[in-house]
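As written, the chains take the letters A, B, C and D, and residue 1 is the first residue of each chain.
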Amino acid sequence: MTARDVAVLVGSLRKESFNRKTAKALAAMAPSGLALEIVEIRDLALYDEDAETNPPAPWITFRDRVRRADAVLFVTPEYNRSVPGCLKNAIDVGSRPYGKSVWAGKPGAVVSVSPGAIGAFGANHHLRQSLVFLDVPVLQQPEAYIGGANKLFDAEGKLTSDSAREFLGKFLAAFAAWIEKIKG
Amino acid sequence: MTARDVAVLVGSLRKESFNRKTAKALAAMAPSGLALEIVEIRDLALYDEDAETNPPAPWITFRDRVRRADAVLFVTPEYNRSVPGCLKNAIDVGSRPYGKSVWAGKPGAVVSVSPGAIGAFGANHHLRQSLVFLDVPVLQQPEAYIGGANKLFDAEGKLTSDSAREFLGKFLAAFAAWIEKIKG
Amino acid sequence: MTARDVAVLVGSLRKESFNRKTAKALAAMAPSGLALEIVEIRDLALYDEDAETNPPAPWITFRDRVRRADAVLFVTPEYNRSVPGCLKNAIDVGSRPYGKSVWAGKPGAVVSVSPGAIGAFGANHHLRQSLVFLDVPVLQQPEAYIGGANKLFDAEGKLTSDSAREFLGKFLAAFAAWIEKIKG
Amino acid sequence: MTARDVAVLVGSLRKESFNRKTAKALAAMAPSGLALEIVEIRDLALYDEDAETNPPAPWITFRDRVRRADAVLFVTPEYNRSVPGCLKNAIDVGSRPYGKSVWAGKPGAVVSVSPGAIGAFGANHHLRQSLVFLDVPVLQQPEAYIGGANKLFDAEGKLTSDSAREFLGKFLAAFAAWIEKIKG
């Protein structure tokens, strides 16, 4: 049996992003039924409907990649109490043109990651509001607010926190079950 | 006495944007105490903290322009029940680098514009959540949800709706008073 | 085969509530697989954890009723851009005592109803944020924002709008399918 | 000069509430320009518009008390990722009957308090969304998310954390300045 193809979007572009490290840790520890792959969003031009007459190549590549995924996982920091512009832009690009959204019906989940105690709560829930419109059924529990993220990784970017690893393992198991429920 | 310099950010990049038309209508009808100018956000690269070592020229231009404004006005559509990525990216760019946000303390207001009946409510309030963090004191009333925006303008993009004009006039008067309260 | 038992919570207490009328219309037109019953919330004392040592009888009755339901449907107005206190109180009562929430795992849906154009959007999405925590998997599409509700019913409280009836029929069909997906 | 009269609403009814303790600590340490008084919300019947023909006495008492206040301070826990029903009900009661809201124009501030790390962020911002509609200009910075509240007080309910005391002192100073800006 083939593993479910999970497109992972990371809401931070910086090289040493805690979110990217978390996404990589999730990919490395995913159960056999899930194959997580980060889908890059850096090259997506800001969404402009006028550009749909001749869409930028990265838009097409991104849309095709997400479209063939079985599920979507968002790993996001909080910028100014909301979703980072880069991630929201990727969501917008994927939602268009009208009637051709790549998101609809795919089971989804949200992990928010921050050095702060609040664990990027604001980004997590703003993202969920978009996912209502996009018709992405989202895993409700466990919610994943990863705070204190600056203390969870070693110098090579490996996840060293046992409690975080344990939590993320449970999260992935719940997400795998959610995907089967929605897709099955 | 000099008019207050109000930086206007428009959350849509398409040429025939109802939001841009609304912003232009607001600029044209602003009371004498306010000078509204659209600050373009199209050329802002997606925010990446790593780029702060050598910031893209449009980031610098944008930050300088907003920094010298007395107040900020956001005119935004709703993309997927939230703030469009392009506008959120501009907000993120202006908020950084850490400790050098261009937003702090400037009085602000939000107008949300949509062809739909809901008037981009979701974008309006998600934006307001960011403005808490950015320390932008926001005009509370009147709230400005402009629905049915496709029926408000003529072929040249002029605002033809009397009721919309009347409402926007009251909105601008309240915003002018708010700016004086916060800055005075 | 037995119809699914759907507990319906109405977020308005007034007699001529448009929300109650909408709930009744939904119950009357529900497909054969769904049995909708309004669960009253009026008599629930404001939640106070200290009262758990000797819970008020209406709390117990309410909790028992919701616990045995297969699914939950919220029909709510917007009070001050959020969920009415009476409905939020019912949600709080049902969520407690700790570890004994009556909500967990039940498929849910939200209909928001308002005389205004915005269709109680603010209540709809604030409620959804609570449902994440409560582990209620919520129907994403179609979203149900019923605006202009004062024009949808006749003097006897019957739904007279054909377009509203058609929409609510589709909504109920989608909800029925959602319940089977989650429970099946 | 008379101190500003600040009505304090506490969003928890239990006797040993960390929110009530925080409210009391704030009242005790308020600067000379502010007089904080807790306004009780426990006896407010769930809002029902039909009851306006003969409003319950506690509604009248509550409305009169808030109406004469110069400013309002909300101290709230998070129940199910949002504002507790008891507090939202008090807000609803104060906002009615139509055209007679007791909130309009009063400067306000929000402190959210929780034993958890997230500091009741969800309640804090949902409350702010209501305050937009209610025309309460809200202090933006510093945001006050008080996490780990179970470790801040001694057995008598006194605030023993120096860092919390220092933060709350700065918060009160900012609130006092905000009140003068709005009222002055």
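Note that contacts are C-beta pairs under 8 Å (C-beta built on N, C-alpha and C of every residue); 3 or more make two chains touch, one makes a residue touch a chain.
Since this is a predicted model, take the numbers as computed values, not measurements.
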Across the interface between the identical copies chain A and chain B, with over half of residue numbers shared counting as same and under half as different, the residues used are same
Name the chain whose C-alpha centroid is farthest from the C-alpha centroid of chain D.
-> A
Could you give the separation in Å between the centres of chain A and chain D, each centre being the mean of its C-alpha atoms?
-> 36
Give, as an integer number of Å, the spacing between the C-alpha centres of chain D and chain C.
-> 28
Junction residues of chain C, two or more chains touched = 81, 122, 125, 129, 132-134
Residues of chain A defined as touching chain B within the complex = 13-15, 41-42, 44, 46-50, 79-93, 95, 122, 126, 129-130, 132-134
Once bound in the complex, which stretches of chain A touch chain D?
-> 81, 117-119, 121-122, 125, 145, 147
Would you tell me which residues of chain A are touching chain C in their complex?
-> 104, 125, 128-129, 131-138, 140-141, 143, 181-182
